[in-house]
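Below: a set of structures, written as structure tokens.
Common to both upcoming complexes is chain A, partnered first by chain B, then by chain C.
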Partner chain A sequence: MRTTLPLLITFVLGVFFVAEFFIPHAGIHGTVSLLQEWGAVLAASAFILGGVNVIQVNIPKIARREKDWLYKVVLIVSAFTMIVAGIINREEGGLYNYVYTYVYTPSSATMFALLSFFIASAAFRAFRARNAEATLMLVAAIVVMLGVIPLGEWLHPTFFPLLKDWILEYANNAGRRAILIGAALGAVATGLRVILGLERSHLGSD
Partner chain B sequence: MLDFLTHLDRRWLFLAMTFALVLPLLWPARLPFRVSRMVQDVYDQVEHLPPNSTVLCSIDYDPASQPEIEPFTRAVFRHLLRGGHKMVIITLWDKAPPIVNGLIGDVIEGEYVRGTGFFEGHPHPEYRYGTHYAYLGFKAGKETVIAGLGQNFRQIYPADSRETPLSRLPVMDRISSLRDFPLIINSSAGFPGAKEYVQQVVTRYNLPFVAATTAVSVTDLTPYYPAQIRGLIPGMRGSAEYEQLMGYSGNGIAGLNVLTFGQLLVIASIVLGNVIFFATRRRERLARTQGGA
Partner chain C sequence: MGFFRREHASLGPVLALLVSAFSLAACSLAATHVAPPGQPLAENAEALRETMPDARTIIRVPRSADDGAGLDLVQSYFLMRRARGTQEFSPFGYEPAPELIAHDPREVVFVDTSAPATAVEYIAYAIGEREFATLGSPGVVVTASRISQPHAATNGLPMVPEGLDVSSTASVTVLPIAGDDGHHVELRFDPLVGPGPQQRVNRYVVLRASNVNGPYTPFAGSVVDAPEDGARPVISRITVPDSRPYWFRVVAVGNDPRPIATLPMRDASGVVAEATLFNAQKLNVAIVLLLTISLTLIFMELAKKPGANIFIRRIPGIDAIEEAVGRATEMGRPVLYVPGIDEIQNIQTIASLLILGRVSEIVARYDTDILVPCCIPLVANVGEEVVRQGFYDAGRPDSHKPHNVQWISSEQFAFCAGTNGIMLRDKPATNIFLGRFFAESLILAETGYVNRAIQIAGTAEISQLPFFIAACDYTLIGEELFAVSAYMTRDPRLLSTLKAADWIKALVIGVLVVSAVVAFMSPGSELTKTILQFLNPGE
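Up next, the complex of A and B:
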């Protein structure tokens, strides 16, 4: 029963959602809307589960004074502060918005901005024309970079921008579309296996 | 010299990058640039909206992507307001609500309603919350929410972010699903975003949809342009182009100046790294030849 019931639910709902796509009936669409609303509610409850999980994972490590336990204290205190601030004081100028604007936003932007330094370092140390494929990628990268910035147009009004557009629209799109179609076919096959009960890893078995 | 460059401390590169990023901010050097077809298409979609349209804006980015996408979002808000259109704003990103509140406060309530900034001297006090624009808030559920919006908008969003039922918002009068919007604009920094809109609703209902994304995600979305995504804003460059079309210089164009010098340093690093690589290889080959002789 523990296996059969979930498989039955998966089969019925899977077939229903596939059939719904092809049946333009108000009653069917109404049921789908209701199920999607349930899905949104379930997704929202995942935030609570996530919070509980953070506490379950980190509190024991803090209690045992494991490596980097102080960072975990910072994590728990920060999370708790934001939850309390969000519940009691969300309005403009409140604590939640203050912490978001003056702590979270600059920290997040700083972490992202650091990438520029590591990209420069990686470009200097790792981006080598070791063989024909690497050379091709290197030249394409330089052309696309020059095509994006106004300097490329200043050097030549059409060469770099047009070559960049050609690389993106033809070479890139051809490869991307092939991958997308392959992945879509794979998703259809996996979906069918789940609906038919051939794939059972989501039930906790192999 | 070769030994010095081979063992170059990477902190010198970091210092060079600091100068490359900071100096253009202090002394902007504006180079002319053309507007790409993808960006022009977004502009045209907004420009050719029927008068008094109600447009859906899905603002799906966080502070990390804010500098790249927000210049476009502000520009397109100004474009919609300049055309006198109504706006319904939602977000599928839990970190976005304060960003959206900031956009509404600055661009709609600050510039347009009070007549400051871009709308200096032209206040529009008649443009009111609920009647002309509404913010429906964040909704958890990612793709499920997008699919649900395609079926029944009011079932997913029964009320706005202030808990006012949609039935009491005149701006929502004729809206029951995504099909009722003449245009959907998505500022998207990742998942869930433009790709999920295309997969869940845009293709299925043939919706008029345009998107702005980070430069790193552009290659993911170009396969959907122009059939599903009718216009695309590619990162900072796209934001700058949109500002140029709108006729003002904002953070997008300032960012493009910075990007220019940053990219140049990366290109210089690649070239220099390869010069050292080939010079070292040549020296080793010569040493082997001489050693063998």
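Up next, the complex of A and C:
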């Protein structure tokens, strides 16, 4: 029963949502809207489970003074402070908005900014001409780079920008679309496996 | 501290269940208090008006008290006026535009600069859209706020619209839309060109009535901007509340406070939105889907025959998973598995959770640890169940450590920082990134590279694939991500779906090649048009 019922619900709702894609009738849309509202409410409620998970993972480690336990104290105190601040006052100028604007946002921007350095180091490794394919990629990358920087235009006003456009519009686009078509069909196959109950590992333990 | 012990873990789900039930009940109750679309919420709301020394009229309308009563939110307000003693209210030009010009929480302020000579009456409408409603469904809330004492101006322009010299053929064609849900009609008319700059049409206000004699009222999406070039017909998709007949008229409005012209509806019998049961524009998708299902069923039947062998090409990235888990075991370090950062309903996340079950089983067989940091709480909850099932299937349920599946944060870079912290502190020997990733993909993969872990990544997010290819040892590209689960189990029934997808892919390639050849040989032929129409019916 514990497996059969979820499989039945998955099948019925799966078929319903596939049918909904093809049936524009408003009656179907009303039901879909209702189900989506339920889904949104359930997803929001899962944050409670997330909070419980954070506490259950970190508090015992603090209690046992495990390695790096101080970081976990910072995590719990920060989370608790933000929850309380958010409940008390979410208005402009309040603690919640202040911390979000002046602590979280700059920290997040810092993480994002690190990406540029990671791109440089990854590109350095990826563009080493170890074999024919890597050499081809290296040449294409150099052409594309020359096509977008002033140096390329200085070397030749039209050659590198045009070649860059050709590589991006044709060679790159062809590859992207091939991957997209394959991924879309793969997604359909995965959806079918789940709807038909062939895949069951997501149903959890018996 | 008792609450934090694992044996009390069931309290969390119970709590979440109670909150969910409460929230659903609250939503249902709130929904019952929402007035039906088109019905007045605050019929008796009074409006004030002040006549300024420069003959402008300021109209102050109290904001609807029901703005937030249910799930309906008032998004904008709209003002119309009529000469006293006449029947019809009509839109008129504002300077400034008829949006909110004051952000007072208690009232909305409109300014009528025209100073009409005759007594006029105003009517204000609050226009909203139902929250959580599907796109295009009716959600118009109309609130009438009438002025109790009509204002008589002493000077200024006459109120009665003079209008342009619109020819008798100028009218609005309104037709039902093919493949519609029964809540939209298409409105089409030729744009008007005024004789001078003062009468240049800036926008068109579409008014709707449930009776041929009116009243005609505005609704969400009433205002249609005039096209820049003025040459093409104006086409607008208009929402109607239900499948009853409706009548429309379009009022051209410009800089002049008076309406420039009113276009009547061509068909006096009204228009009824048609709800259809099958969207013919999606016929191509339906054919592909039916073919996929049919082929899957055929291959499943073939797989049942003795000696049947479904060939699937070797995918090195998947073969490397067991090897990588073995390496982690030898090094005495955990395996890190990141199921992407998208919501659970995303197909890539679903595929990743299916793979997580297989990987957990291997990890359990090797008696090592698996760490699963999650960005979405629901993914973390399902992930824990999936990992538990994997350990159970491997015959090692006692080895499962629930706290190894943890929710980090729903914020992208906070999650990224937390996961990087796990990598640097716990030093996993194997990192598996499967699912939907965005900008954090390279930060995660480069941190793993610095950590000298074996890295296997897979995503169908094309913009992130180059990052994974550059920083990881193995990358599953696009469709390979969706094939992992079936590939690992070697279950003929699961492999049947891969085989069916491969055949459909071959069919798609064939259609593309034939279409390209036909389009190249005869670009404007009927055959080319038919093929293009089938492949892209929306065009």
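For this structure, a couple of remarks:
One rule holds for everything that comes next: the second predicted complex is superposed on the first by the 182 of 206 C-alpha atoms of A that agree within 3 Å, B and C clash if a C-alpha of one lies under 4 Å from a C-alpha of the other, contacts with A are read in each partner's own complex, and residues count from 1 in each chain.
Keep this in mind: a residue touches a chain if its C-beta (ideal position, glycine included) is under 8 Å from a C-beta of that chain, and two chains touch if they have at least 3 such contacts.
Because the structure is predicted, anything quoted here is derived from the model rather than measured.
After overlaying the two complexes on the shared chain, residue contacts for A:142 are found with chain B alone; chain C is out of touch.
After overlaying the two complexes on the shared chain, residue contacts for A:112 are found with chain B and with chain C alike.
In the superposition on chain A, contact of A:49 is made with chain C only, not with chain B. When both complexes are overlaid on chain A, the residue A:57 reaches chain C alone and has no touch with chain B. Contacts of A:182 after superposition on the shared chain: chain C is touched, whereas chain B is not. Touch counts on chain A: comparing chain C and chain B, the chain ahead is C.
Contact with both chain B and chain C is seen for A:36 once the two complexes are overlaid on the shared chain. In the superposed pair of complexes, A:193 makes contact with chain C only, with no contact to chain B.
Of the two partner chains placed around the shared chain by superposition, neither chain B nor chain C is touched by A:15.
Of the two partner chains, chain B is the only one that A:173 touches; chain C does not reach it. Contacts of chain A with chain B, set against its contacts with chain C after fitting on chain A, overlap at residues 21, 29-30, 32-33, 36-37, 39-40, 42-44, 46-47, 104, 108, 111-112, 119, 121, 123, 125-126, 176, 180.
For chain B in complex with chain A, the touching residues are 8, 10, 13-14, 16-17, 21, 31-34, 36, 62-67, 94-95, 98, 101, 105, 139-142, 144-145, 147-148, 151-152, 155-156, 204, 215, 218-220, 222-223, 237, 256, 259-260, 262-267, 269-270, 272-274, 277-278. Listed in rising order, the residues of chain C touching chain A in the complex are 1, 3-6, 9, 11-13, 15-17, 19-20, 23-24, 27, 132-134, 137, 179-183, 275-279, 282, 285-286, 288-289, 292-293, 296, 343-345, 347-348, 350-351, 353-354, 356-358, 376-378, 380-382, 385-386, 388-390, 392, 397, 403, 405-407, 410-414, 416-417, 421, 425, 439-440, 442-443, 445-446, 449, 460, 462, 465-467, 469-471, 477-483, 485-486, 491, 493-494, 497-498, 500-501, 504-505, 508.
Partner chain C is touched in their complex by these residues of chain A: 18, 21-30, 32-33, 36-50, 52-57, 59-60, 63, 67-68, 71, 104, 107-108, 111-112, 114-115, 118-119, 121-123, 125-126, 176, 179-183, 185-194, 196, 198-199, 201-206. Within the complex formed with chain B, the chain A residues making contact are 21, 29-30, 32-34, 36-37, 39-40, 42-44, 46-47, 92, 96-97, 100-101, 104-106, 108-109, 111-112, 116-117, 119-121, 123-129, 138, 141-142, 145-146, 148-151, 153-154, 161, 165, 168-169, 172-173, 176-177, 180.
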